[in-house]
Amino acid sequence: MKFSYYPGCTLKTKGKDLDRYGRLCAEALGFTLQELPDWQCCGAVYPMAKDEIATKLSAVRALVSTRDAGEELVTLCSACHNVIKQVNNDMKTDADIALRVNNYLGLETPYHGETNVLHYLEVLRDRVGFDNIKAAVKNPLTGRKIAAYYGCLLLRPGKVMQFDDPENPTILEDFIRAIGAQPVAWGMRNECCGGYVAVEDKTQAQKRSGIVMEDAASNGADTVITACPLCLYNLQKNGGSTLPVVYFTELLAEALGVK
Amino acid sequence: MSHSNHATEQVLRSSGVDVRKCMRCGKCTATCPAFDEMEYHPHQFVYMVEKGEIEKLAASPSIYKCLSCFACVDRCPRGVEPAKLVEAVRLSVIRKQGQNHMSPDAIPALLDEDMPQQLFVTALRKYSK
Amino acid sequence: MQVTEYKPKIVAFCCNWCSYAGADGAGSARLSYPEEVKIIRVPCSCRVNPMFILRAFQRGADGVIIAGCHPGDCHYTSGNYFTRRRMALLFSMLDYLGIERERTRVEWISAAEGAKFSKTMTEFCATVAALGENKRLEDLRCKK
Amino acid sequence: MQRIGVFICHCGTNIAGTVDVKAVAEALSHEAGVVFSTDYQYMCSESGQQLMREAIREHRLTGIVVGSCSPRMHEATFRKAAAAEGLNSYMVEIANLREHVSWIHKDMKEATEKAIILGRAAIAKVHLNAPLQAGESPVTKRALVIGGGIAGIQTALDIAEAGFEVDIVEKSPTIGGKMAQLDKTFPTLDCAACILTPKMVDAAQHEKITIYAYSELEAVKGYIGNFKAQIRRKARFVDETKCTGCGICTEKCPMKKAPNEFNMGFDKRGAVYIPFAQAVPKVATIDADYCLMLKNGKCGICSKVCGAGAIDYKQQDEIIEREYGAIVAATGFNPIDAKVYGEYGYGTCPDVVTSLELERLMNAAGPTNGTLLRPSDKEHPHTVVFVQCVGSRCTETDERGKPYCSKICCMYTAKHAMLIREKYPDTDVYVFYIDVRTPGKNFDEFYRRAVEQYGVHYIKGMVGKVTQNGKQLRVQASDLLAGEQLHINADLVVLATAIEPDKTARSIGTMLTASMDTNDFFTEAHPKLRPVESPTAGIFLSGVCQGPKDIPETVSQASACAAKVIGVLAKDKLTCNPCVASSDELLCNGCSSCEKVCPYGAITYTDKEFRGPNRTTLIRRVASVNPAVCQGCGACTVACPSGAMDLKGFTNKQIMAEVDAICK
C-alpha cells in the first residue's frame, strides 16, 4: 500500500512527533507514505466563503499532484485534513469555485475533486484494519485508560468529512482498544478546544480547554490523545490540567514497539 | 422585511447561506462554544442578516470570537450554516483597507514557544487580509 | 382596404382534472387571455396523441399547447410523465420538420392556477403571433 | 346521421352580456346535422331542462350540444335530463361558453365568433358520439383492515356494526398498537388502556370481525369490489384455538433474556410470551430467535406445562387467501431511531430516553410499576428536561430528520410534564420548544394548565448538546427570550422524537398500488375533499399511515374511513365509468405496449382464436381491458402502435373532429 502524504507545516516544526511516529508506524504496519514534492501550507483553516479562491489554491495543488501521481492523499494533521477535504468537496460540488480555481491554475486537465483524501486514522481503520493492528501490537497498553479527543476538525462538517458519526464517533475508541488500552467514555470529546483564538484571547481558550480536560480527568482518563497539534497545544497549555496529552501516533508507536 | 442593501447581498453571496430557511429554533446558539464571548449569537447573525443589519454585526467583536468549530453547521436542523455568515461578515470588514483585526507585526508579541505554526497562520487568515 | 391584424390559431389540450379546471378558474377570476386559444378537453394530458398535434398543424393551427397536472399530481398518478417524454420526442421531430420549437409547448397548470393559465396562454399567443402563420405542415387541400 | 339539438344558455347576463347568444344559435343551426337550435335564459333551470326534453321528443334528437357554463358545473345535470327522455346521457356535449368565453373576453364580436367555433367543435364531436353503457361489477361484502392499532380497530368495529364482515391483519402477536403502550391520554388524562382494551375486546368478540394477529399481508390482486388477498399467518408455535392464555408457559420458560418490546426493551420477557395482560388474542407466542427448543432442540418445558396441549414446535407459516370488496390501510407509525441524534446522548447516556419510552416508565404496568425511576440507577429524577422537535421540521435535505411536524409531540410533552409535576412536585421540569402547537379542542387550555397550575418551565429555545456528567446529564441549551445559554444538570432527558410511517407501509402501498408521498405516508385522493380514500379505487386510509395525527383525530378518521368502506360494501354492484379504454382485437398485434403504461394494471393479454384464411384458425395474443379497473386516462391509446386501443367518450376520431372544427 502506497499513499501520497501531506504532512503540513506544523508537523515539520512543533508537531514533529505526530509526523515521526506516524511514519514509523506506517512502516511497521506495511504501508508507505510518499511525501508530496513541493507541498505548500494548506492555509491552516478552511476558507468558508464562496468568493475566497486564492486561499483554496494550495490545497488544490496538493490534490492535483496526488491525482497526477495516481494515488490517494493521506493527511495526519486534523486541520490540514479538514482544509484539504473541504476544498476537495468544493471542487467536486461547487461548479463556480471549481471553474474559478481551474481558470486560475491553468491546469492541463482541470481538477474536479477526483482525489480521494484519507486521514491516517481512516487508513488504519479501512485499509489496515484494527484487527490487524491488534495482531501487530507488541506492547499492548493494558490497563491504560485513554480519552480520545476528536475535537472539531476531524468530524465536522459531517456531510463533507464523512469520517465517522460526528456526534457519536467510535474510530479512536476502536483504535485505543486495538492497542490494548481501555477507552474512556466522555462527553466533551468533540467539543472545541478553543482553537485559534488562543492567540488573541487566552481566557476563551482556557475556558474551552479547561472544560475538555476536566471532563477527561473526571471520567478517569490517564492520557488524552489527539490528532491535532493545535488541540494538543491548547489542551496542554491552556487546559489547566496535568493530564498528559499526546498524539495518537505516539501511543501507536509505543504499542507497536517502534518508539 | 429588509431594506436589501449591497452589504447584505454581499454577505449572502459570499456565505452561500439561505437565511430564510431558519425556523428560529436556537439550536445553533444552544450548541455554540463561544456563546459567552459573543455579543450577537449565531441565531442573531441569521436573523440580523435577514433584516439587513450588517453594520451592527460588522462593528461587533462577535465576529472575531467564532471558533469555526462547525457545531452550528452540523446541528442545524434547517441546514442554515450560521458559521458561514459570521465568516462572511468578518471578511466584509477585513477586506477593507486598514481594517485588519490583527497585523502580522503584532504576532511576535503574542507568541509563546510551544505555539504551533497552524495557530498563528489560522489567526492571521481569520483576522487579516 | 383595412389590414386585418394577424391572429394565430391556437389549440390547447387541457387535462380534465387540473388544467381544464385551471382554465375555469381563470374564467371565474375574469383573467383574460386571447380568444385565439380554443380549448379541447381530454381526460389526461397523456391522452394527447402526437397525431392530434400533427393534425392541428395540418389543418392550419399556428400553435399547439398541452397543459396537464404538475408532475407528481397527475390524477392518474403517472400520465403527465408519459406526456412529458412523448412530447419531448415529438417536438424534436417537429423541429426537424421545420416547425419552430416555439409553436409547441407543454405546461403544468393546476386547478388552482387560473392566473398561471391566463399568463401562459397570453405569453404563448404572443410567441406564436411573433412567428407568424404556420405554413410548413399545412395541407393545402384543407384550404377553402 | 345524428339529429342534433343545440341549446345556448344566456346564464342571465353571464354569457349573454358578452356573447350574442341569438347569433350563436342562428349560426350553429346551419351546421350539418343540426335540426334544432335555440337559446334560453337559464338552461340549467327546471324550465330550461324541460325545454330540452321537449325538443328531444319533438325533434327526435339523437345528440345534444349545450353552450353553457363549464361541463365541470352542469354536464351531469344535462346528461340526467337527456336520460330522462330516453336519450343516452353520453350523447350530450358541452361547449364551455362562460368560463372559456364570456368571462374572459370583452369584445362581443370576438367572443361570439369564439363561441360559434366552440359550438362547432362540440357538434363535430357529438356526430361521432356513441351511446355508452356504464358497466357493473359485483362487490364482495367483506373488508380487509391492515393494522390492528386504534385506527384499524375503530374502522373494523364501525364496518362490522353496519353488518359487514371485516378481517383485521396485524403483524404483531396482539392488536392494540401504539395506544396500548401509552400511559395516559391528553387532554383528559384518562388511561389509555382503560379506553382501548374494551375496544380490543369488542373487536375480538364481534361476530363479524376476524382477527388475524401475528399475520402479514403477502399479496393483493384485483380491484374495487373484487380484491383477492393472501395473508401469511406466521407460525406462533402455539395453537391459537387451544391456548387459553393462562400464562403458565410464560412463567416457566427458562429463557428470560429476550428484550420486552412492549416495555421498549427496559425489561426482559421469556422466549414464549404474551405481550401484555390484556392482549387480544390472548394467546402465547414463541419467539424463535430465543426459544431453546426451536434453536437446538433442548428444553420443551412450555410444552410440558401446557395443560391445553397448545404448544406446537412444528407449526409452519400458513398462507390463506380471502376475498374483499374494500381494503383499509391502517399501518400506523413508529418513532424514528433517536440514535441518529448523538448530540442528545441517546444511546450513549442511559438516562436519555424517548417519549414513548417514558410512557412505559410511567405506566403502572410498565417495568417500574408506574414509579418514575431513571434507567441508569433506578433513582427518582429531580430535574427532567424535555426536548421538542427531535427530528421533526428539518429541512428537506436533512439526512437525520423529517421535514414535517409530527403534530402529537407538543401535547404529549405537556402531558408528561404535567403528570410528573403532579406525581412528584419536588421535580423541576423544563420543556425546550421552538413553537408550542396546540390546535385542538381543549388543547391550548391543557398546555396553559401545565405552565400555570403545574409550574412546568417552558423555555423558547433548543437543546444543543447533552453529555453525561457523573451521575447527571449536562444539558446545554439556549433560552432565546432571555438571550442566554443555559447549562442544566438534569437527571432525565426526554426526547420528543419525530414519528414516521411504519416500515411495512411502503411494501403494502406497492401491493395495493396506492400512492405514497416522499415520506412514505399514503396519499389521499383529495387533500381536502377525499381525505380518507386513496386515489386507487377501493383502498381507504385510516390513522397515521396518512399523516401524523393524535388519538381523537385518528378515531374520527377511522370512522370516516369506515363510512366510505360501508358505502362501497352496501352496494350490490358498482357502476363503472363508461369512458374507458377498449381494444379492437382485429387491430391489436399483442405487443404489450399498452400493458406497460397502464398505471392500474387494467390490461391483460389473452390468446384468442380468430378465423384465418381458407377456414384456418389463428391463435393471436390480444389485449383486453378490464372496464372495472380502467380509470380512463388514455395513456394506452397513445402507446398503442397499431391504433387498436381507443378511449370511449374521447376517441381519436372525436378529438380529431374537434381539432378540425377549431382549425377550420
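Letters A, B, C and D name the chains as they come in the text, with residue numbers starting at 1 for each one.
Operating definition for what follows: a residue touches a chain if its C-beta (ideal position, glycine included) is under 8 Å from a C-beta of that chain, and two chains touch if they have at least 3 such contacts.
This is a predicted model, so every value here is computed, not measured.
Between B-D and A-D, more contacting C-beta pairs join the chains of B-D. Chain A and chain D have Cα centroids separated by 50 Å.
Averaging Cα coordinates per chain places chain A and chain C 60 Å apart. As a whole-number value, the distance joining the C-alpha centres of chain A and chain B reads 24 Å.
Residue positions of chain A with contacts to 2 or more other chains are 159, 166-167, 191. The set of chain D residues touching two or more other chains comprises 343, 465.
The full set of touching chain pairs reads A-B, A-D, B-D, C-D.
The touching residues of chain B, counted against chain A in their complex, run 13-16, 33-34, 36-37, 64-65, 67-71, 73-74, 83-84, 87-88, 91, 102, 107, 110, 112, 114-123, 125-127. Residues of chain B that touch chain D in their complex: 21, 23-32, 35-36, 41, 43, 71, 75, 77-79. Every residue of chain D that touches chain C in the complex is listed here, in rising order: 70-72, 96, 98-101, 103-107, 110-111, 113-114, 117-118, 121, 515, 535, 579, 597, 599, 631-635, 637-639, 647, 650, 652, 655-656, 658-660, 662-664.
On the side of chain D, the complex with chain A involves touching residues 339, 341-343, 345, 347-349, 399, 465-470, 474.
Listing the residues of chain A that touch chain D in their complex gives 159, 165-168, 185-188, 191, 215, 218.
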